[in-house]
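Input: one structure, supplied below.
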Amino acid sequence: MSTSGKLAEPPDLVSELEPPVEPDAKHMSGFRETLHFALRNRKLVFGLSVTLTMLLFAIVGPFLAQHGPLDYGGVLSSAPTTKDGYWFGTTMQGQDVFAQFVTGLRLLFIVGALGGGIAAGIGMVVGFTAGYRGGVVDDILNMITNVVLVIPTFALLLVIAAYLQVRGILTEAVFIGLTSWPWAARALRAQTFSLVSRDFVDMARMSGRSSRQIIFKEIAPNMSSYLFMMFILLFGGAVLIAATLDFIGLGPSGTISLGMMMQLSVQNAALQLGLWWWFVPPGLAIMAVVGSLYVMNVGLDEVFNPKLREL
Amino acid sequence: MSLLVDDLKVYYRTLAGDVRALDGVTFSVADGEIMGLAGESGCGKSTLGNSLIRFDTRMRYVGGHATLDGTELPIWDTLGMNAFRFKKISIVPQYAMSALNPTRKIGDLTADLLTAHGVSPKQELPELRRRLELVGLDPAVLGMFPMELSGGMKQRTVMVLSTLLDPSLLIADEITSALDVSTQKAVGETLVGFRDRGFVKSLMVITHDLSILYQIADTILIMYAGRLAEKASGETIISSPRHPYTRLLISSLPEVGIRYAEKKLTGIPGTPPGLLNPPQGCRFRDRCPLASKKCLEAPPFVEVEDEHFVACWEEAA
Amino acid sequence: MRGYFLRKLGIYAVTFVVAVTVDWAIPHLMPGNPVLTLVGRIQVQDPRVAQNLYHHYMRAFNLDLPLWKQYWYFWVSLFHGDLGTSILQFPTPVTTIILHALPYTLGLLIPATLLSWYAGNKFGALAARRKTLDNTLLPFGYALTATPYMWLAILLSWVFAVVWHVFPVGFAYDPTATREWSWAFVSSLAYHWFLPFLSLFLVAFGGWAIGMRNLIIYELEADYAHYLEALGAPQRLIRKYAFRNALLPQITGLALTLGAVIAGALVTEIVFSYPGLGYQIYRAITNEDYFVIQGIFLFIIIGVLIANFVVDIVYIIVDPRTRIGMQGSGS
């Protein structure tokens, strides 16, 4: 092969031109870019706003309530009114439905956060360890995960809760967390596999980094977005399980939750008597919070995963 | 003429604007011609090849025409293109290893595809078996699932399947990229064999590897930053290229027998321009040793010798 | 293949043992003594008689034996089909209560699960290719799957039974009807069955529809779909392949969501006073009838394990990759 022509330095023509126009999306840093897409994602914005509104309501509500949730004294079975602060009406026993509602809403968030958080934590530890270590550790953890996964957790919780004479919201949350982690562990294990190829880890090792450094500096940032999405799903799941347990009669003693409101209303024939203000709000609140969390999750998925973004 | 492409423009939609991946290319491929389409990553060769048969969801047709065997290809209309796909124009994709439905037996998949095109699978079966054997596959693969085949076997299966109805034009998109050198040679020879046996009339072989093109291509088309740089016979491109980019490209290839301790292996300094807002005029301007003020105006792709096209003011003069 | 099934059976066996152990252990770990409750219920005046009763029951329930023996006897009686005796409905054996309630629960569960799975998959697939349907189905589906089962049951009951007297409020059949296989009785059964069934169906449907929609969208972006498009295959064919491939994870999904659907069935029964396992569990909890609770739990476990095993078998039949992988053929 031969070439002809000189191979000199290219002449400078830059000064002869106007500077090119640069569009704004080009030079964003990773985090800012994520935020940019996050704020524009309709599902994320919608889901987040609804959830935050309900959370706000849960925090502020009990201060606005003019009666305690278990206090008697109101007119029996009255419809929502502006009198005396019975904005959501009263139960058949004359209790303030609004007060019960905001109390239950608070408990909803506590159970969701605690139960979901515990499940996410366990799932993270189990799934990550299984995926990262592989081998015998993986097999053992897999076995445990499979066993806990197959056991219908609701039935198990049923039996446990039935025997507890006094039940607290924290106990409920802890038990829910201890039984709902398996599918999160499985998902996180799969995610770990896809992130931590042997080559990747070996390369980091060769560059002199310790295992801990590899885990925290390289893997954790990628996993954290996934873990957050898992947490949201677990939060929703915990809320639904808790509501179901409460409805069956295994709710926390000494207080009132949304599931218990529904239970009491059904027990007291609120359906037949048309006391809709008693049984519609609790379920509606659950549907609103859990639903918006699910929608938010889809939005988050789109934000974190550029391939899903709609143009 | 088998394929005629006239001022084809295809851009990619992105949130930051349109990336002008293919910005006005004009060339032709004759019956029986194996044309290599070469260039570095991002030059638009894959866009060109794919735009002729199937538009990605992000690709946007902007202008230009493509004509195959005298009929215009309605590349902007995916339904309209179905009349041409598989029968007149076909492709062996870059992702050939994962192109087969994992839950369907190869034979069943082929039968489904043939039936969908109004061809009787039973009638095609003898020819299908013959071709499988020709590429070194046991016809028993028809009864297997893709996961039972090795990567090479899957690729050969895809090559047979894509050419089963004897298309006029076959586009081979980076099919040797992930292979070792001896397998590359085998695949290259298979492609030539397809042309020689008449399974395909013309071939467009897309690759960044000039060496394989040297072995199998009749002509080579060099692309740079969404535009055509040079087209000539394989021999000419390798031994006497005229476009500055091609020349730098060729000279940056290692030669057998030369020890590079003494003679430095030169690359081409700089990087190709971004195509979101490509520079005015010739896109190779910034890296070209022969650039002058004239190059602020885009040079046309003209025939400077017999069947030798170059897009460069210096060379056209 | 044999190794696969043996492994699965092994896991199920281990799960069963763990579940039974947990079921047995819980009462012993909990504060309180069920026998005391039982004796308290009988309300005997004379404390000495109460004491005798107490000891009698302790012996009857083997509670005076060392723990390991109690555990052993638990297993023995389990294999004899003896799940104990109900305290509330004394002296009815728990097994009898369960077997009477089971048909009603299965009558709700099985049609609701299968139909919602089928319809959800079809709708989800449809939504994946029609943008207009997708825009209405998606929010609706998310709302449905986020709805607590009992709340939807409450709403349906209130609207269709109380406000508009289209359907009955509760029970399995008209209390005045005679229990025979007559047209009147069967139609009464169906009439009472419909609302609880619908409630279960709708919530589950939402989940399946959304899941399928997402899976199909994923499949349509796969390389094999693109290749078929490039070769001019009609959308019909590509969608057929995508649908079949997306069904596979939906089958495993059946096993995974079984626990949630069962919970849903239980609470739905409570709302409609439908005499299935849910109704019995509710009564048992309200009245601290522990043996019934434990018995139903074990029953649910067995049911879930069987269902899981069935799903495993179906999956092997349907997904060629698992079969081939096990036969060990390769390149």
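Going by the order they are written in, the chains are A, B and C; count residues from 1 in each one.
Here, a contact is a pair of C-beta atoms (placed from the backbone, for glycine too) under 8 Å apart; a residue touches a chain by one contact, two chains touch by 3 or more.
Note that the structure is predicted; figures quoted are calculated from it, not measured.
When each chain is reduced to the mean of its CA atoms, the one lying nearest the mean of all protein CA atoms is A.
Farthest from chain A, judged by the mean position of CA atoms in each chain, is B. Chain geometry summary: the mean Cα position of chain A and that of chain C are 24 Å apart.
The geometric centre of chain A is 48 Å away from that of chain B, both derived from CA atoms.
Chain centres here are Cα means. That of chain B falls 56 Å from that of chain C.
On the side of chain B, the complex with chain C involves touching residues 53-54, 78, 81-87, 90-91, 93, 95, 98-105, 112-113, 116-117, 145, 147-151, 153, 158, 161-162. The touching residues of chain C, when paired with chain B in their complex, are 222-224, 226-234, 236-237, 241, 244-245, 248, 319-321, 324-325, 329-331. Here chain C touches chain A in the complex through residues 11-12, 14-15, 18-19, 22-23, 26-27, 29-32, 139, 142-143, 145-152, 154-155, 157-158, 161-163, 169, 221, 256, 258-260, 262-264, 266-267, 270-271, 281-282, 284-286, 288, 290, 293-294, 296-297, 300-301, 304-305, 308, going by the rule given at the top. Against chain C, in their complex, chain A makes its touches with residues 143, 146-147, 149-156, 158-160, 162-165, 183, 236, 240-241, 243-244, 247-250, 259, 262, 265-266, 271-272, 274, 276, 279-280, 282-284, 286-287, 290-291, 293-295, 298, 307.
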